[in-house]
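Okay, so chain A shows up in both of these, paired with chain B first and chain C after.
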Partner chain A sequence: MKKTTRRVPIKDFGSATDVLSPLEPGDIELIHGEDKPPKFREMKPETKEKYDFSLDGISALNLPIPKTKEEEEAIVNGFLRGIEKLFQKENNWTFLMPTTLSNEYCMQCNTCNEACPIYTESGRMDIYKPNYRPEVLRRIIKRYFSKSGKLLRKWAGADLDLNWRVVYRLAELVYRCSLCRRCASVCPIGVDNALISRELRKVFSQEMGIAPENVHKSGTVQHMKTGSTTGMTSASFKDNIEFIEDMIEEKIGRRITIPVDKKDADILLLHNAGEYMAWPENPAAFAILFEAAGLSWTLSSEQMGYEGVNYGVWYDDVQFARIAFAQIQAAKNLGVKKIVIGECGHATKGFITIADRVLVGDAAIPREACLPLLEQIVLSGKIKFDPMKNNFPVTLHDPCNMVRLMGIISPQRNILKHIMPEGQFREMPDAGTNNYCCGGGSGFAIMNSQNFPDWRNNVACRMKARQVLEAFKDVLDPSIPKYYCAPCSNCKGAARDSMMEHFGFRKKYNIIYGGLVELMVNAMVDIPKPFISWEEEF
Partner chain B sequence: MSVVQVKGKDVELDEDGFLVNPEDWNDDMVAYFASQEDVTELTENHWKVINYLRDYFKKFGAAPMVRKVCKDTGFSMQEIYELFPSGPAKGACKLAGLPKPTGCV
Partner chain C sequence: MSSVGWFIGGPLMYFAAAFFVFMTAATFIKYAKLPRHLRWDLYPVPHQGPEGSKYQKVDFAGIKPHFSLFHELKEMSQEMLFIKKAYIHNPKVWLGSFPLHAGIYLGALWLVLLTVSALCELGGIAVSGGASSLVVRFLHFGVIITGAGGFAAGLFGSLVLLVLRIADEDMRLFSDPVSFVNLALMIFLFGSSLSAWIFADSSFSLIRHHVAGLLSFSMPTVGSGLIVLQLTSYCAFLLYLPFSRMMHFVGKYFFYHHILWDDEMMKRNSAMENDIATYLHYKMTWSAPHIRKDGTWVDQVADSASKEGEKK
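What follows is the complex of A and B.
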């Protein structure tokens, strides 16, 4: 096994060095077709003076460097107050038990290290180990909340003194974990170090008001204000649906009416709002399939009824609960029997699993993932598919939240068996619950402050790019069109920004990306023209 | 957040350089954004896209779908990128004074 590089003893985590553990582009293992070390943009000196880059030279949070002793103290005190609350049942009503257990039982055996794509793809930087940040937390708890730590300090293993640098570096460090939970899946005793990252994000947001701008201010705050994270209003939603109906007519030669606000339908379908803005062929494909299968379904145009995602999942229980309640209200107003979440991993995790903690009593409307329903449609025989219409190489990405977290593994594969000719579908290495994050998870795909996008593209997204090249290694020739199927909005965003634009897979290898429903519609016998195209259509 | 001086007037921009207050938008701001977004010369075609975005925003309170911009202005995606090198969202919306596009897009 390769060794950890750039060791940083935890007791030095708050040291006054400019950058504690600078990311070294030369340490990063290149992927096929890359001929020089990845580039990270140089930040202007005035930016570096103003904002904290002291963890690894990257800033995801734009934290302004404190100017006075008072500001420094406020940072430390706020953090200690938050940590205290994290372990109180009145203040942590979502994850108290698993957080406590993961915090207490990790033995630092390092089994999780090799499972983490960010650790391995960074050149195995010590600070990126999945068990590094929880150990920082543990030393702080020992030092400030245990009797022996308060009295004996380093003789009791409490050797890390808090200062603003520790707090800010830890805040940045929890945004170097994509919460993919691959570490948790290999832990011999079930410790969930990704949960610790998520819970620390919660401390930073709920107690200190620290969160990435695109996740909080233009994320959950905007969602509550306009009804969606994209700022799509009810009026623009309706206009978008009209546009999608036109698009469907052009594509399939027949107009269908997309049901909106239909009372008492069986299903309320909730898409990630980003689909409407950036990938309207995805909601279009859902509409074609649901119509052809004769389902009783509807979309909602009510504010909070047309956005499925809930960014609170990544960083804040209060924002999470506010959004989940408002979303369920929209479903209740329509009297639907259940909610089905479209191709969005975070929406699936948030609404189906975490929301169980807050949606109780008459708010407990059944909520389901779309993949099993899509499988039922295929198996019902209501729609005729011709697999030869998908006669091109396809590989499948497993969104972490649907697959590793929720165990939805076979539906998408059964579907592919029915809509693809034999030999064209190929699994990528480590497929299934062992698959790797797209690199955009936990907010990374939408976080764009300072030089963070360089870190996302070069480090977080590298493993997925490597896997996709491996899956297509026998057909890389650009004369062969290929399809990277990622049934998740977030994963598609990461694919576009990293795989297509940054690594240039479309130009170099003729790989395009899209969801699963597009492939299904592409194989429908009743539709004369291809639904998927490798040409720029617009 | 930062403040820039454009033709002697202080204007607030967000961290990605988008207008914070929509009422600050005017021709001078378009020229300033053009210089920031590698738009060398503002042509009739640029204004066609900018005016379309502003009209849509006025009507619906949100930015239009990328495909709708192409369809209604008659420009292909590639032509939009030629006009606004950082693209329809980060480029064209900025010049049009719309809020920064957000969410999983």
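What follows is the complex of A and C.
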């Protein structure tokens, strides 16, 4: 284990240094095939003068540096107001108990540290330790909201004075945690540092209007304005469906009519709309499977009926609730019996688990993940699969949201068992609930401000790249085509940007990535040509 | 000395014990009264047993939830008794944490056995190694083994943790003065108890006599300075604990049973649905531009898509 190189005591978190804890590429452990330290884009001096890079030299939020004392004070006051509201039931009944407990009972045993892929893959920087951010918060609370802290100051652990740098650095720091909750799963007490990151994101968004542009403005706001975070309107959604029908015809030799706005269908299928734009093979494969299995299903073209994502789950309870209710309304308008969410982890967890206790009364339409339904299709025998059609090495990614946070572990494995020849499927290390984040979780996959993508690719996605190489270590030879199966849209986004483009896995090792349904269709006896191809760009 | 000893071993001890019980109950009630929160489960959830999550099934909402008390108790006991997660993920800390917790559990058992033996004494049954009754003899040696073993384990564990907090750079980074105060108190508690046992009360007969006095409200005086010290450490511990994060034994119950393993689904016309319907009418005061001013949660959500659309 490498020793930590960047010591940053909490009391120094607001110090006037330009960059509190710069990333040191030389400290980052290389992965197989990487021959030089990772690169982080150097920002232009005029950009650095304008925006805050003072945490680690990275900017996820584009925060403009305050120019006057008044602006600085407004930042500090807004933050203190937000912290106060975080512990009020009227403002935060949704997570008051978990937040209060996690704030009060961390024993600082550091057990969570080694569980965090961001910390270990950064070269073990103190500021990325899972318990660092909550400790900053704790000391602020002690200093400004507790009698003992006001009186005894550093003797009561209240040794951090607030200034705008503390606030901005903390805002950036909560976007260096992917909310994967791997740290929470090893904490002997049950403390959840990921929750604290999320709650702080809420303070920044709900009180101060601070959130990554791709998550808020062109995320939830655009979603509610146009119907999708991609900006896809209802009309262009319908065009996309036509395009997908053409694609299916070309791939399988016959035309399928994809049901759209079919009243009273059993199932409303809700995809991450990114699939229609970036990976149309995925909704196409769903359509082929559902049609072949004879399901009563439909898509919706209503605004808020064709986009399954809910970015609110990462940063804002109000935006989350608005989107969840609007999606439910779209389902109600169609009179469907239930909603099935496609291959998208956060959408699945958000809509099924997190929304469970806000969807009261007749808003409680049943909502399910797609994986059990796909397993049921395979086991029903309605579709014939030839496992030999998938005669290539495959490894499976466990999206945190569906696996550690919902316990959906066996359906996807059961499916793979039926559609692949024995010996070709290999688990990656730490598979199941112990798995690592893809590196794109909690918005990272879509956040592209300044040099943040460099951080995502070099730090956040590194562990997943390491795991995939480990899973394929005996077949790395590029003459052997390999498939990294990630049944989640965001995870695929991270795979595309980091594993394929950044680390060059496709070129170096002939690894491609895709969802689970593509593999299923590829194994269908009735499909004449391979559905998955190593030649075509996915 | 004797009046100080009397005060600490008598009135202060009664007060400290009552205060501790009251504060523990108050802490428990404080958390229990917090509003219901949104689901935040973390898997595996032990009471789901080998079947695992209901989410793995089609139409799971209609399936009766699986509850395996055996699996839940198994996980709980491994965590509570052996500090399993620290053992697996942080063996260095476990080396201190496990003996410290073992010391606390043995110490608690010691207290129970000591109370029983004090009741025996009050009932005229002499508790000693030479007693004719096997049960009484068992009690006598039980008190010695749990006491001496617990104090030694607790002291060892606290010292290991203290050394780690001082010598290990990563541990030191987050250690505020309170962390050291907590450990100092544990060292005082176990150290004073162990010294009293070694140097003043090797069969725990003096402390048993004292407990018998407390139980019969006869306000005993304490003869030995070391036992006064021991009793002082108990008073300090009981009075300080409710204000410290060492109350995590209460927190842990809520962490596991009300958050991480809380997989209760919302049901129509349930108490949960009623409560949440009430919360949805709370007025929120968040003030970011996208939050509607002075709105309740219901107001925020109503007609959201079209209103957001108009606004932007």
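The definition used in the following text is that the second predicted complex is superposed on the first by the 533 of 538 C-alpha atoms of A that agree within 3 Å, B and C clash if a C-alpha of one lies under 4 Å from a C-alpha of the other, contacts with A are read in each partner's own complex, and residues count from 1 in each chain.
We take it that a contact is a pair of C-beta atoms (placed from the backbone, for glycine too) under 8 Å apart; a residue touches a chain by one contact, two chains touch by 3 or more.
Values in this document were obtained by computation on a predicted structure and should not be read as measured data.
Peer 1: Quick one: classify A:Met43 as touching chain B (first), chain C (second), both or neither.
Peer 2: neither
Peer 1: A:Ile480 contacts which: chain B (first), chain C (second), both, neither?
Peer 2: So A:Ile480 meets neither chain B nor chain C here.
Peer 1: Between chain B and chain C, whom does A:Trp155 touch in the aligned arrangement: first, second, both, or neither?
Peer 2: Touch status of A:Trp155: second partner only.
Peer 1: When the two structures are overlaid on chain A, which partner does A:Ala445 contact: first (chain B), second (chain C), both, or neither?
Peer 2: first
Peer 1: Applying the touch criterion given at the start, work out whether A:Ile256 contacts chain B, chain C, both or neither, answering first, second, both or neither.
Peer 2: Neither: A:Ile256 stays clear of chain B and chain C.
Peer 1: Once chain A of both complexes is superposed, is A:Asp239 in touch with chain B (first), chain C (second), both, or neither?
Peer 2: First partner only.
Peer 1: Which partner chains sit in contact with A:Glu90 here, chain B, chain C, both or neither? Use first/second/both/neither.
Peer 2: A:Glu90: touches chain C, not chain B.
Peer 1: Please determine whether it is chain B or chain C that touches the greater number of chain A residues.
Peer 2: C
Peer 1: By the touch definition at the top of the document, which applies to A:Ala293: first (chain B), second (chain C), both, or neither?
Peer 2: Neither chain B nor chain C is touched by A:Ala293.
Peer 1: Which chain A residues are contacted by chain C in one complex and by chain B in the other?
Peer 2: Chain A residues touching both partners: 226.
Peer 1: In the complex formed with chain A, which residues of chain C make contact?
Peer 2: 31, 34-45, 48, 52-53, 55-61, 79, 83-86, 88-90, 93, 97, 169-171, 173-179, 245, 247-248, 251-252, 254-256, 258-260, 265-266, 268, 272-273, 276-277, 279-280, 282-291, 297, 300-301, 304-305, 308-309, 312
Peer 1: Note which residues of chain A are touching chain B in the complex, please.
Peer 2: Within the complex, chain A touches chain B at residues 62, 213-214, 218-219, 222, 226, 228-233, 235-236, 239-240, 243, 247, 272-274, 276-278, 280, 309, 344, 445-446, 448-449, 489-490, 493, 536, 538.
Peer 1: Sort out for me which residues of chain A touch chain C in the complex.
Peer 2: Listed in rising order, the residues of chain A that touch chain C are 3-4, 7, 9-10, 81-82, 85, 89-91, 93-98, 100-101, 104-111, 113-115, 126, 131-132, 135, 139, 154-157, 159, 181, 184-192, 195, 205-209, 216, 221, 224-227, 303-304, 318-319, 321-323, 325-326, 338, 352-354, 356-361, 364, 366, 368-369, 371-373, 376, 403-411, 433.
Peer 1: Using the touch rule from the top, collect the residues of chain B that touch chain A in their complex.
Peer 2: Those in contact with chain A are residues 15-16, 59-68, 70-71, 76-78, 99-105.
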